[in-house]
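Letters A, B, C, D, E and F mark the chains in the order given here, with residues in each chain numbered from 1 onward.
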């Protein structure tokens, strides 16, 4: 396992992380679309707080299946080998815990104490296609967290933890362990692990071009010939970058 | 009816109310689960303002059925014997008006003037599995209010008020008059009236233990052996309580 | 086309606009109900920012149909005759761009640069029954914007722009070009263009009466005999208006 | 109660029943639309057997609310005062049992033995916006039955019977006791009780005209000037009826 | 327009039609997937009769938008320039009428007399993402018909016909006039018009290979090395075809 | 693995199978409810043919997750180590293949050739919470098959096979390998493997009692005192059984 973690660390190194923190999730999705990936955005999820920090990190997964009354009791939930609780203690620091509930909104994928523990362990965030309990207190922990809708009833009422760190689906998107999850104030996107470096590079470039375009548009320029970029506008952008990105008034 | 109200007052006395104001809705749901109640949380509803005060109070109910064009006119709505308007004037102070719309999102379960009137009459809150109109103005009244989604069209377009204070369903949960509704910044849970005292007691105990656990977790302790509570951690907690709940640094 | 725009300008002149800015969307819906219009509220949409300014303006429409892989490429999206991009440049100032996606939540109806351009062009707002991308940045542009749920993937993944300024459906409501859209912190309502003046007048009257009623209710008066208005309460209101709308304490 | 039943018998007398057996549910809905009723068809329900006989009869209603674990046990279900079982024994012969489940598809609104008992008691049919259990055996009883989707789990798992023969909603349509339900191989429509005679008359007339139109269309005539009826085509129809409805070949 | 029809006739000539009548809709979808088309199957629609004949023909479209009370009356419905009724009279013989309702299930996309007229006019079928009325009688006309769910209320209650034979969406699939619709006992698939000949050829080849594979599987052969076809199994198939498709017992 | 299969054979031996073939799925669900299992019925699934034979057998499972474009190609689908195709060849005879699609209705869980192969291999049936392709041809194979809704597009468009014979969820019900699935003309229910013998026994007893009750009801007896069984009616039943189950006319 440590071998895996090492390679993950390489694949989502500090340079890529730094770039991904500066881009929007929509930029990431666009860069993936150019490579043929049409289904990478976890649609329907939203951050529990619009003010939460940006989230970047490789996926560590937890899969739930439906509960059964003779197996999923509160006693079982309290055991130290319960996979739900183990996930909270074992998700590596810097990683994002991705919880596949099969879209279940009847009971909780996590609560405030689990979330606080993960924050303390330097987990990078938590994402589920189900819902959390204690969301007001989760907000206070500061851990970036994404869900479909709050689901406060106790987990064993509807869900059974069945696997740690295997391939899962979350909100209809394939997530393999080590894929990098990026979250902003809008939502979450997943990057296949072998593409992280190039997607980070390309998304950052696109985001920077968009900042250039934004300044022009804010000054009255049409989007035609500017957004999406044309060869001409791209050349204009390159010249502006070469000039040290001066204020547009001074440059033009 | 006054007999009933008296007994309600007893069953949700000031002590229980005070306790329930200090606990989260998830704590309440957990205490009910221990007694075999798995379906007490009004899933899918949310507060119209995250800043609204906590809501605790016995249920007074209003049931809607689908409207019919020859019965449900604006003229009918304006009559003083219209059950919708009577509910606003008759819901006892300290109670929560629970509006069963059958999940209808096509017209309004209440608006700002009705809400203001209830606030003025010291109603404790309003909960519906449909939606309100004038939600921006409802926020200003300060009345705790929970809905599924705003539904501004005039009530008679889709709904007919058919019964006051009978047993109803709301968001798939059984609500009998006098059951106690508890609402926080996450959602709403219902407590069967005969269990209010013991649930309040137990939920408060759980909430206080969780505050103890939270402090430990914030200082780096694992959730294993701490949350959920074990006999050992419980003993540790009791000792800490006996010591006057000192700052953890001083206690350990 | 210019003829049409002129008449639009007449039909939603500054007087009507001014009145509509002062009323709630629920007031508008009520006034339309009196004339037999039961389906005018765009249910299920919400503002992307509760702090955004009020929106009033005639509809300019864009219709999407499902995408097809050989037609809807990023290259096609970048063309200057792409109807999606043309809509952003051609929607007249003071108008509201209404985007009919057929309820598609798989890709974006617009993003931040398009929105910024519309803001800069003095478009009055943008409304879709699908979703936007870059919603955090759209909030910063200040353009009033309404959607069902964020939908950040690139537009051509799921949608093809097929028509400008024809009659469309949006959130199940018929929208003809020139109908006036009104948006507040709760949602959006559509007024058939030939009724704008009278609806504005009537909605404002209702809103002002409600402010009168609100003050009474805040002082403890029952809704009976006050809300909805009765002939007596209406006479009372008229007297108060004639007296210059004094503080109620002084008037009574 | 017997008074009520008598009047029901009058309002849905043998003549009206006979007419309604000959018309389609869509004919009934059209006749109601002419009187301003737009929401009378129980959309989304279907017959459990396309071969079942036509259903006509006044509504006798049963309302369910959500179950609660301490109340809704199998023991409670077996009691003779259980409203669910009483409904089966008390629904008057010739009436239709309308079961309002609030759209609940988690447990059964009725099963084969209940249905057989109702068939034996000459109940005219059973309609629910939830689902049945034992649908294969229900088909064999021959009782006309309409549901949304099979829901075989035991009733007390999710539903509690709370009222007999009050006003209810079913599939979003208002049903008052005594309203007449008409069902064919497509679905179910409800007629307000005071309109049964005139609706039966008008729907039969429309159905007979449609048979006339059908014969013309089958021989190649356009729907223009024929369907919907025009004053001219209506005169033509009247002449044909006066002629004894001869085969079209002989008539023309 | 006649030019267009001619070219349609060419593009869906008798040879292609004949082939498409012999293949399943799933075969067609597979052949399109090989060319990069992933969204061609009209998911969620089903034939109103499992016994209806196969449907093949170019699309002629009708688009609905939401109704408005002042426009969509029964009187308007009866006019000869009503696009809904014109569609029934103008859809060319051999074509399939594709009705885009925007997924509306509140009122009817067509009824039995319209359907009978189309059958009489040799229209090849009718497909909608909404629903029909009079489905039992539509079955008797023999016209292949596909819908989501019956929707018997009168059309003008919820829908307004707005365009004939433009590009539309139906069940989330792009349909351009002239695209060829193929329907079997399972559902409906759309072929872009410029690909009809090659898709027909390839789907037929795949269907014939599957018949070969089916005979082997029925005799106990594994799907490995047989289905999907391998180069070896394909060679084996070609030999068998060359041998005149003899019974497998005689061939092996 | 062979050890496991042996024990499965024991747990669902010929005696239990024989009994389960004679009972309805609703009988099985009732017997499980008595032991506290409330969530065992696979709601929303239906047989593809009402005439298909009864299904009884232990579960062998296949789990799908969402597809990704670079992994899930038709080439990958054709490989002999593809888990989807392996499931068809490896599901033991007498077992039921349970396919967990996560509720995905965008592509096929199986088609006719796979189904025919399973039928030939004496697999007992196939159940999915997604949908099949080629359902008309699947009907002809005679294999009992249950689905939510047809989903003909090629599997790799939306789904990736990720695990064989692990614990899964199907239609919201927990299915562990070896649990016994029972299917009738209404739907499918799952029995935890350690309870199969006793549930079979009890369900058969209940079904036989219901046949007794049915005969009485058919002759005009009330359900009170008969259904559900009372101690008295049970004694009556036992006497009738002891008498050799004579025709009721002769017995009474």
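Definition applied: a contact is a pair of C-beta atoms (placed from the backbone, for glycine too) under 8 Å apart; a residue touches a chain by one contact, two chains touch by 3 or more.
All values reported here derive from a predicted model rather than from experimental measurement.
Any chain that touches subunit A and also touches subunit E is listed here: C, F.
Common neighbours of subunit C and subunit E under the contact rule above are absent. The rotation that brings the Cα trace of subunit A onto that of subunit B spans 120°, given to the nearest 5.
Relative to subunit C, the chain whose mean Cα position lies farthest away is F.
Of all chains, the one whose mean C-alpha position sits at the greatest distance from that of subunit D is A. Listed options A-B, A-C or A-F contain a single repeat of the C-E interface, assigned here to A-F, on the basis that more than half of the contact pairs agree by residue number. Put simply, the C-alpha centre of subunit B and that of subunit E have 51 angstrom between them. For the pair subunit D and subunit F, the distance between C-alpha centroids works out to 33 Å. Looking at subunit F, residues 38 sit in touch with two or more other chains.
Chain-to-chain contact here is organised irregularly, matching neither a line nor a ring nor a star, and falling short of all pairs touching.
Shown are all chain pairs that touch, namely A-B, A-C, A-F, B-C, B-D, C-E, D-E, D-F, E-F.
Of all the residues in subunit C, the ones that touch subunit B in their complex are 24-26, 29-30, 33-34, 38, 40-41, 43-44, 46, 50, 184-187, 189, 210, 213-214, 217-218, 220, 222-225, 227-228, 230. Interface of subunit D with subunit B (complex): residues 36-39, 65-71, 102-104, 160, 162-163, 166-169, 172-174, 192. Looking at the complex, you find that subunit A touches subunit B at residues 74, 77-78, 80, 85, 88-89, 105-106, 108, 111-114, 116-117, 120, 133-137, 149-154, 157.
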